[in-house]
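Per-chain numbering from 1; labels A, B, C and D assigned in written order.
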Amino acid sequence: MDLKYSSEQDLLRDSAFGYLSSVYDYHARCRIVAGKEAIDRSIWAKFAELGWLALPIPEEDEGIGGDAVDLSVVMEALGSRLVVEPFLPTVVLGAGLIDLLATGEQRAILAEVAQGTAMLALAHQERGVPFGSPRVETRAERSGEGWSIRGAKILAIGAGLADHVLVPARISGAIDDAEGVGVFVVSRGTPGLELTEYPIADGRRAADLSIDIAGLSDSALLGGCENALPALEQVIDKAIAASCAYVVGGLDMLIRLTRDYTAGRSQFGKPLGRFQVVQHRLAEMQVKRIEARAAMQLAAIRCDGPRIERIRAISAAKVKVSEAARYIAHQAVQLHGGMGLTEELSVGTYLKHVLTFERLLGDTDDHLRRYAQLLADGRIDVRRGLVNEGAEA
Amino acid sequence: MNLDLTAEELAFRDRIRTFIEAALPEQIRNGAAVNVASAFEYDISHPWHEILRDAGMAAPGWPVEFGGTGWNDVEQYLWRMEHWRAGAPVISQLGMRLVAPTLLHFGTPEQKARFLPRILSGEDYWCQGFSEPGAGSDLAALSCAAVRDGDEYVVNGTKLWQTHAHFADWMILLVRTSSAGKPQQGITCLLVDMRSPGLSIKPIRTIGGDIEVNEVFLDDVRVPADQMIGAEGDGWSIAKHLLSVERASSGNAGGRLRSNMASLMRMLDRRENHVPDAFGERTLMAKIARRAIDVDIVEMLELQLLQSTLDDHAGGAGASVIKLRSSIVEQEINELSLEVVGPEVVRWNDHRPLHEVDAGQEELERLAIAPQYLNGRVRTIFGGATEVQLGIIEKALQASL
Amino acid sequence: MDLKYSSEQDLLRDSAFGYLSSVYDYHARCRIVAGKEAIDRSIWAKFAELGWLALPIPEEDEGIGGDAVDLSVVMEALGSRLVVEPFLPTVVLGAGLIDLLATGEQRAILAEVAQGTAMLALAHQERGVPFGSPRVETRAERSGEGWSIRGAKILAIGAGLADHVLVPARISGAIDDAEGVGVFVVSRGTPGLELTEYPIADGRRAADLSIDIAGLSDSALLGGCENALPALEQVIDKAIAASCAYVVGGLDMLIRLTRDYTAGRSQFGKPLGRFQVVQHRLAEMQVKRIEARAAMQLAAIRCDGPRIERIRAISAAKVKVSEAARYIAHQAVQLHGGMGLTEELSVGTYLKHVLTFERLLGDTDDHLRRYAQLLADGRIDVRRGLVNEGAEA
Amino acid sequence: MNLDLTAEELAFRDRIRTFIEAALPEQIRNGAAVNVASAFEYDISHPWHEILRDAGMAAPGWPVEFGGTGWNDVEQYLWRMEHWRAGAPVISQLGMRLVAPTLLHFGTPEQKARFLPRILSGEDYWCQGFSEPGAGSDLAALSCAAVRDGDEYVVNGTKLWQTHAHFADWMILLVRTSSAGKPQQGITCLLVDMRSPGLSIKPIRTIGGDIEVNEVFLDDVRVPADQMIGAEGDGWSIAKHLLSVERASSGNAGGRLRSNMASLMRMLDRRENHVPDAFGERTLMAKIARRAIDVDIVEMLELQLLQSTLDDHAGGAGASVIKLRSSIVEQEINELSLEVVGPEVVRWNDHRPLHEVDAGQEELERLAIAPQYLNGRVRTIFGGATEVQLGIIEKALQASL
C-alpha cells in the first residue's frame, strides 16, 4: 500500500504547476479562448517538450509509459488553470484508445502524439444515447478492400483541431448489441467527413460530425477489432478519472480565491471572512474538496485494474467530484457576491467548466445507476474494503 | 379557508387572459422565452410596455389619478400570474416598481408631475444607483459623495451593478452628503439625468455572456437640488422603504417559477431520439415532482402574504422567506433543466441578445438553458442575499413570542 | 379566496392550545405514556366535552360538521404537545371512513365517537404492501347471512384501545384488483380477532391483528360497499393532512425550545444564540417550518376537493413536512447538544414522532412517485396555479 | 500509488481473520449486532476483552514492554478492519484508547506500573470526567474544583456525560485547581477511584432508551496527590493531547461504516413479502450506492491519513475531516436503514440491553434500527461537534499557503 507520490511524480507536479502558473493566468486563458483556434499551439509544443504528451504512451511507442496517477498529476495542474488545449481528447481519449486497440503501423500515431505533431479526438457520442449504452447507429460496411461509414456524431471535444478523429461504428449486429462495433481512424480532410464546430460553455470547442465516407482503407479499423466496446468503456473510464483530476485542480484554486477574496472584502464593518457563516462555508467547501481529491486519487489508482473495481472507483469519483464541484463553485460565486458573476474574475469560468464536466461522460444519476447495478448484482460487496486483498478474498 | 375565485374575479381573469393572448406578439413571447439575463431585454420589454400603455394597463399598481387601473390586490395578482402564464415580459422593472412607488410616497407634487407620466409612457427608462464597489448588501457603507453648490449638488464617486444603465434615461441615486454621525445618516437620494456631463458607463459582461449590469462613474456630475427626493439625509429611510417594496413585490415569484417549470417540461417533451430507459425517466420525473412541489408551496406562501396571514407565522419576515425560497427554488429548477436537456446543454452561443441569433426557436430555447443557469446564480445574491434574508428571519424569530 | 381562519376557528385554536398547555406538559405526557393503557381517559372525556371528537362528524350524526381546516386546527394543537390519545385513529380515520361509507344503523357509531364513548382504529396495513397499492390479502367470504374473515394486519395504531376496528378485506377479485374490497366493522372481543399490542417509537401503541372470524353479521360491511378502496384512499389522505398538521404543531414547539435554549446556554464565553451559524440555523429551521405550515394548510384546504388536486396537495404536504420535520428535529437535537439526546428534555420525543410520521402512511419516495405519476400522465399541469379557476380552466 | 498488501501483510490479515473467526463467540457477535448505544455494552465488550487478553492481543497499539503486540500501523489498521468485518465489539474504549496513551505520554513510572497492567487485564474499567453541565465542547469553562489538602486533593463539583461511569472502577478527571489567569490555565488531571466516598452517579436515559451516560457528583471526594497526572495546571495540555489522540483514533471509521452498511444490506435482503416494485427498489438501490460511495471515500481518507498524505491537503486538519464526514455518513446510513426497513421500523421494545430480549436475532436486529438512528444523533455532537470540526478545518485552511 502506497498513497504517496513517487519522487518523479513530485517533480512532475512541481513542473506542471510551475510552468502553467507562469504562462496561463486567467487573462492569458481569455486571450487564447478568444483566438481563432481557441488554443495556443506554442503552449502545446511546450507540453510536448515537457514530455506531458508522451506520458501515458508506452515506451515502445516512443512514450514515457506513465500510469493513470502520473496522468492525474498533469490533469490536476491543467485544471487548476482551466487549460483549453486538447490534452484530454488527444492524450487520454485518442492515444488511450489507440494504445488499447491499435496494432502494427496504426500505432505510429502514438509517436506523433508524443511529439506534439498530431492532435486527436474521439467522436463516440450519438444524439440521445444514454451513458453506458452499447447503442451505436453509425454503420460501417465492407466495400471492396476497405470500408464505408455513414452516421452522425455530436459533441466531439477538440474534433475541429484533430488530425485524426476516432469514430466508433457498428460493423455487425443490431443497434444495441454489445458486440460488433469497431473504431475507425478518420483523418482530417477525408472526403465525406463534415465537421460543424462550436464553442461549449467553458470556452473549449466541440464539433458535430456528419459522416458519409466511402473507400476508407482497411487499416483504418483499429486493430482489426470488431468488439471494441470494452476498450471504449475502459478509455472513457480513464477519461472520467482524468477529468476528475482536472476539476479537482480547479477546486483548490476556487477555494483559495474565495478565501483570499473574503479576507480582503469588508461588509458591515468587518472582513467577510470573519463572519462565522462564511468561515463554516469555507470549511464545508474544503471538506468537499478533500473528499473529491480522495475520490479522484482512488479513481486514478483503479484505472488500470480489474473492471468491477475500476467502475466502482470511477463512478464513485464522478459522483463525488460532481457534487463537490457544484457546491464549491456555487459557494465561490455566492461568496464573491456580484463579482463572481462577471467575466472580470475567473470564478465564473470554473463554474462553467463544472457545468460541462457534470453533463459529459455520464451524469451523477448515470453513475449512481451503474454503481447500483453492480451492488444489486452482488458484484460490489459493501463489506469489502478498498485495500486489495489479493486473489483469495 | 378556500382558494376559489369569485365569479367577478373569474370574469376578470378571463378578460385579461384574452387580452394578453391577443395583444402579445409572438416575437416578444419568443424573445422572452430565450431571455437569459435577469431582467428582460430592453428590446423585448419596451415594445410590450408600449402595447400595455396604449391599452391603459401599464401601471396596475398606481393610483388611478396617475394612470393606475384601480385593481385590487387579487386582481393585480391575477394580472401578474397571467403575464407569466402567457410568457409576457415584465416591463420597466425599475421605473414602475421602484422609482414610481418612491416618488408616490416621498416625492413633491412637482416631481410626481414631472416624472410619473414619462415612466408610464415609456419615454423615460430608469436605473438605480445604490450599490458601490465597496457597498453591496451593506448600503450604509456607501461613499459616493454629493456636495451642495448653490442650487445644485456636485456628485463624485462610483456605482456598481446598475442594471440596464446603458439603456437608461434616469438614475435614482444614493449619495453621501455628510459623514457625521452613524453611517446610515448623511445619505441622500437624488434623481440624475444619465446624459449629465461627467457621467460615464462601463458595461460588465456576466458569466452568462450578457451585458446587463454596469459600473457608473460620476465625475463632478451636477444635479439640480429640486431633483432631490425628501430632504438631505433622508436617503436611508427612502432606500429602506424602497427595498421593502422591492422585497414584497419581488413576486409574483410563483408565476415566474411556474414559467420556469413550463420551460423545463418543454425541454423534457422535446428530447430527440431518446432511448427509453424507464428507470432514468422515472427518476427524472420524481425530481421534477420535487421541484413542482416547491413551486406549489412558494405560491401558497405568496397567497398567504397576499391575504396577510403569512406574517403571523413568520414574525413579519414573510417577504424574506419568499425571497429566500423563490430564489433557491429557481436555481434548483435551473439545475434540473441542465439535467433534463443532458449533454447537449453544453453547446454555447455567444451572441446576445440570444433572440437575435438566426436559429429555430427550439434551438434557441435549448441554448438559453446554460446561460440562464449561470446568470441565475445572481438570484441568491442580489436584492438581498440569502445570508441577509436569514439574518432578517432570525431577528424576527427572536422577537416573536 | 380566503386563507384566514374564521372567528370560530380562532376560538377553537385558542381553546385547544390553551387547554393542552394547562394539562399536557412533557412530564404529564411521560406519565401518561408510562401508564397501563398509555392514554388518559379523563383527558379524552374532556376532548369530548370540548367538542373536538364531534368536529368532523356531520350534524345529522350528532356531530359539528366541521371541515378539514377545523380538524387541522385541533391536530396542530395536539401535535404541539405530542398528545398520545387516539384522536387520529378514532376521529380522523375511523369516524372519517364510517362517514364516507356507512349507511343506516351503522352510522350510530359516529354519535358514540362524538360523545367520547367509543374509540376506533383502522387496520389497513398488511405486511410488505407498499403505500397506494390496492393489494389486500385479507379475505372476506359470505357465510350464510353473514361474513367470515381471515387474514392479518399490522401496525394498526390505537387498535388495542378501540371498541371497533375497521378491517378492509377482499370480497372478490384478484389480490391486486382495484375493486372488490369492503370495510368491515369488527368490535372488540369478537371471537377470532386476536390483537398483539406493542409500543411504537413515539410512545403511542399499535397492534398486529390476526383475524379468523366466522359469522360476522351482514351489517358489519360498511354501506354494503364492495368497492371501498377509493374511500380508503380518501380517508388516508385526510389522515395524512391531519398528521401533517400535528407535526407542524410540534415543529413550532421545537423551534421555540431551541431558540430559548440557545439564548440561555453559553459556550466559549457567549450565548450559543449569538453565534452566527446558530442564528442562521434557527432561521433555516424557521423557513422550513413556515413552508411546512403552508403545505399543511394547502393540504387541509384540498382534503375535501377533487381527487387529483387532493393528491397533489396531500403528497406535496407529506414530502415538505417530512423534510422540514427531519431537518428541524435533527437541528433541534444538535443545538441542544447532549441534552437533546436525553429523555430529560422533550426534544428527542419530537424526533421520535418525526421518525414514525415519516414512515407511516407512505414515505417521501412513495409520495414523490404518486405525484410524479400524475405529472407524467399530464393530470397535474405545472403551469396551473393553486387558485381554483373554475370549470373552464 | 497502489492499494496492494504485501505478501507478509496478506498473511497477517489471514492469520487474524482466522483467529477472530475462531475466537469470537456467536453470542457476542449477535449482541454486538443489536448494540444500540454509542459504546458497546459492558457485558458484550468485557468478555471479548478477556478473550483478547488471553490471546495477548488486547492492546495492539501499546509498547511491547507493557503488553503491546509490536504491530505496525498497517497491521493495526488491518486488525481493526477485521474486527468490524467479523462483527466483534470494540473493547474498553476509554481505558485502552484514552487513558493508556495519556499515561504512556505523561504518567510517572509508578503510575504506569500501577494502572496499565490492570487496564490490559480488564480488571479496571475506566470512564472520563471531562464535560460538565456548563462545559461541553468548551472545556476551558469547567468549574469542578480541587483544593490541595496535604497529600490529597479535595474535589467538589459535577461532571456530565460520563459514558459507562456506572460500570467504571476509575475515572480520568479534569478539575480546576486555580482560577487565576486564562481559563485554560489552572486545570489539573486526576485519577479517581469510583468507589471513593462522596462520589455518586446518576444514570441518564438517552432517547434511544439506553443507559449509557451519567451525571457524576463529587462531594468532598479525596484524591491522593500521587494520582495526579503531570503537574498542577498541566490539565489543559493533557486534555488537548488526549482529545487529539481520540480524534485521530476515532477510526477505524471506514470499518465501522462498512459494518453499518452490511447491516443495512441484511435488512434489505430480509424484507418479507415485499411486493416487487422495480422502480421503488431501484430508487432505493441508487440511494444505497450513494452511501456506499461515501463509505469508500471515508475509507480512502483514512488510508491517506495512515500514509500521512492527507494532512498535506487538509492543512493538518485531516483527522477533523474524517471525524466530520464519518459521523455524518453514519447518520445518513442510519436514516437510509429506517427507509429500507419501512413502516415496521417504528416497532419499539424498551428493554436494554436489547440482546437480552427474548426474540429471534433477525427481529432484534430490526428492533435495533430505530434506537441506533436516535442514539446515532450523538455522533455529530460528542467527541468534537461538527461545528467545532468546521472551525478547526477553517483555521487550517486560513493558515495554509
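Basically, a residue touches a chain if its C-beta (ideal position, glycine included) is under 8 Å from a C-beta of that chain, and two chains touch if they have at least 3 such contacts.
Only a predicted model underlies this, so the values are computations on that prediction, with no experimental measurement involved.
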According to the touch definition, list the chains common to the neighbour sets of subunit C and subunit D.
A, B
Two candidates, A-B and A-D; the one with more touching C-beta pairs is A-D
Take the average of all CA coordinates in subunit B, do the same for subunit C, and state the distance between these two points in whole angstrom.
41
Compute the distance, rounded to whole Å, between the mean C-alpha positions of subunit A and subunit C.
52
Return the residues of subunit C touching two or more other chains; collapse runs of consecutive numbers into ranges.
277, 280, 365, 369
Touching at least 2 other chains, the residues of subunit B are 279, 282-283, 286, 387
Could you list, by residue number, the parts of subunit B that touch subunit D in their complex?
278-279, 282-283, 286
Which of the residues in subunit D end up touching subunit C in this complex?
131, 134, 136-138, 141, 160-161, 204-207, 213, 271-275, 277, 279-280, 283-284, 335, 338-339, 342-350, 370, 373-375, 377-378, 380-382, 385-387
Contact residues on subunit A for subunit D in the complex?
1-5, 69, 255, 259, 263, 273, 279-280, 282-284, 286-287, 290-291, 293-295, 297-298, 300-301, 312-313, 315-316, 319-320, 365, 368-369, 371-373, 375-376, 380, 382-383, 385-390, 392
So in the complex, which bits of subunit D are touching subunit A?
1-5, 9-10, 13-14, 74, 78, 81, 85, 254-255, 258-259, 261-262, 265, 282, 285-286, 288-290, 292-293, 295-297, 299-301, 303-304, 307-310, 313-314, 318, 321, 324-325, 387, 389-391, 393-394, 397-398
For the subunit C and subunit A complex, residues of the former touching the latter
275-277, 280
